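The data blocks that follow each hold one structure.
One chain, chain A, appears in both complexes that follow, with chain B as partner in the first and chain C in the second.
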Partner chain A sequence: MDKPDLVYIAFIATDAKTLWRLLTSEGDSPLWFFGCRIEIGEAAGGPYRVRSPDGALAVDGAILAIEPPHRLRILWRMPGNPLGEGRQNEIEYRIEPATDGVVKLSVLEFHHRPVPEAWQESGREGWSKILSALKTLCETGRPLPLLMGDRP
Partner chain B sequence: MSDPDYVYVIYIRATPQRVWDALTDGHSTANFWYGRTNESTWRTGDTVIFRRPDGGIDFSGEVFEAEPPRRLSHGFLHPAPGPMHDEGDTRVTYDIVEVEAGVVRLTMTHSGFKAGSIIRPGVERGWPVILSGLKSLLETGEALPDRLDVGHVVECDPA
Partner chain C sequence: MRRGVDEDLLFRALADPVRRQLLDRLRERPGQALAALIDGLPMTRQGASKHLAMLEAANLVAVVRRGREKLHYLNPVPIQEIAARWIGAFEADRVAGLVAFKRRIEEDGQA
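What follows is the complex of A and B.
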């Protein structure tokens, strides 16, 4: 299997199906994606888009693989982001059991070429917020208030 | 040459003081740190010891910086003779920033790894478990269960 360039991990007290539902729910996505809304197709080849709160297209991507409730791989194009311009990045969410009632959520980034430090920094910030927000939402039922307007 | 720092960032619904207290209280750490308790005055220049549930010392180090509730930095040395001890002291630093009312960004930086470090892979497996447990404890009052299967660590291409 190909190796990711960056990996972010969190352990969440929930079950895989609940977390998967949140990850793939257009309606719930603003609660964990800094107010951004995802649009997601149902099968590989379908669309995966992220719209920021003002409606702008932040991510214009596609589903590469979808295996509910364990694996979602996305072609992650960021048309308006100078860090992402022209890059063909891939993002993969993986949900694995860790013990009874706890799952391990991993976000893997595949770049297929060197990753500038600014991108890594931005990813650390963005994915940390997303994983933290998903964890709070799953474990407490309430969203984690976070600085809005930021993008991953 | 040295191996890169390991950095983990997590956002927690808590005040900086509660995060500081959870990291420095002698018994609190046992809830999320593989059962480890700690012993320290947490004053700069003093020593900190982390003990396993069986009483043995897991690691110890000097408190390099202690500015409650914002920044804490201490050494991390395995005392038992062997290759991990021979690798020498590494350093754990926490930066605690309130990013908005009642939400903290905790940045943990583990630094000072030698090239080809045998400590770093274990550290990379351990921190997401420890800091996920800390967040659960502070937000829900309950830590994550012990003995999480951390799974194989996905290997990254070197940056």
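What follows is the complex of A and C.
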């Protein structure tokens, strides 16, 4: 495997299929993605986009690899974000069994060139909240009250 | 992180200044192997391995294996869960705003 630049992990008391459904569901995505809605194709080469609640395109990407319910790799371009301008990062979600009834969700971030500290800071906060929201949603069925304005 | 045992692990892992220093170094340079991580620190590989094992058990350090190499990353997710527990998702952002505001003022004061 190529070397990830950043890694985020959450252990979630659920099964891989449930978590995968949540990760790839267009309708449920606002519950864990700061109110943003994802648009996702079905196969590699298909689109992967993230729209802010106001409809603006926050992430304009593509599916690089999709292996339900374990691995989703995305080309991650952020056209409107000054920190992401001109960058082509890759994000990989990975779901693996951990202990009984618990799965390990990893988000691996791959950079094609070094990112500024502000990017990393914003990522640490943003991904931590996203993973916490996914965990809460899976384990309690309730969304965390994260709004778009909360995004760092 | 489930409440109880895992949370105890988290606080125990954070309760040691050496382990906090390792987390600082991983924040500054993510994806380090053990040798690079402890370079210049008064610490044996064996001692560092034990500390890292505790940090990994608390999910504060993520490990990625690449060939024979073991790469270490700071994983901030459990810290967020602690914050959400006592501060709450909305308040956390207000506090973050206050902290940033305070830092800006302090920086201005020094300029």
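As a convention for this text, the second predicted complex is superposed on the first by the 148 of 152 C-alpha atoms of A that agree within 3 Å, B and C clash if a C-alpha of one lies under 4 Å from a C-alpha of the other, contacts with A are read in each partner's own complex, and residues count from 1 in each chain.
The rule is short, and it goes like this: a contact is a pair of C-beta atoms (placed from the backbone, for glycine too) under 8 Å apart; a residue touches a chain by one contact, two chains touch by 3 or more.
Note that the structure is predicted; figures quoted are calculated from it, not measured.
Look at chain A after the overlay: chain B and chain C clash there.
Touching more residues of chain A than its counterpart among chain B and chain C is B. By the touch criterion defined above, A:T99 lies against chain B but remains apart from chain C after alignment on the C-alpha atoms of chain A. When the shared chain is aligned, no partner comes close enough to touch A:A118: not chain B, not chain C. In the overlay built on the shared chain, the residue A:T140 is in contact with chain B alone; chain C does not reach it. Once the two complexes are overlaid on the shared chain, A:V7 sits against chain B and chain C alike.
In the superposition on chain A, A:S132 contacts both chain B and chain C.
Residues 3-7, 9-11, 13, 106, 108, 120, 124-125, 128-129, 131-132, 135, 144-146 of chain A lie at the contact with chain B in one complex and at the contact with chain C in the other.
Residue ranges on chain A touching chain C, taken from their complex, read 1, 3-11, 13, 106, 108, 120, 124-125, 127-129, 131-132, 135, 144-146, 149-150, 152. By the touch criterion stated above, chain C contacts chain A in their complex at residues 1-2, 6, 30-31, 59, 62, 64, 66, 71, 73-77, 79-81, 84, 89-90, 93, 96.
By the touch criterion given at the top, residues 3-7, 9-13, 96-102, 104, 106, 108, 114-115, 120, 124-125, 128-129, 131-133, 135-136, 139-140, 144-147 of chain A touch chain B in their complex.
Chain B meets chain A in the complex at residues 7-13, 99-100, 102-103, 105, 128-129, 132-133, 135-136, 139-140, 142, 144-145, 147-151, 154-157, 159.
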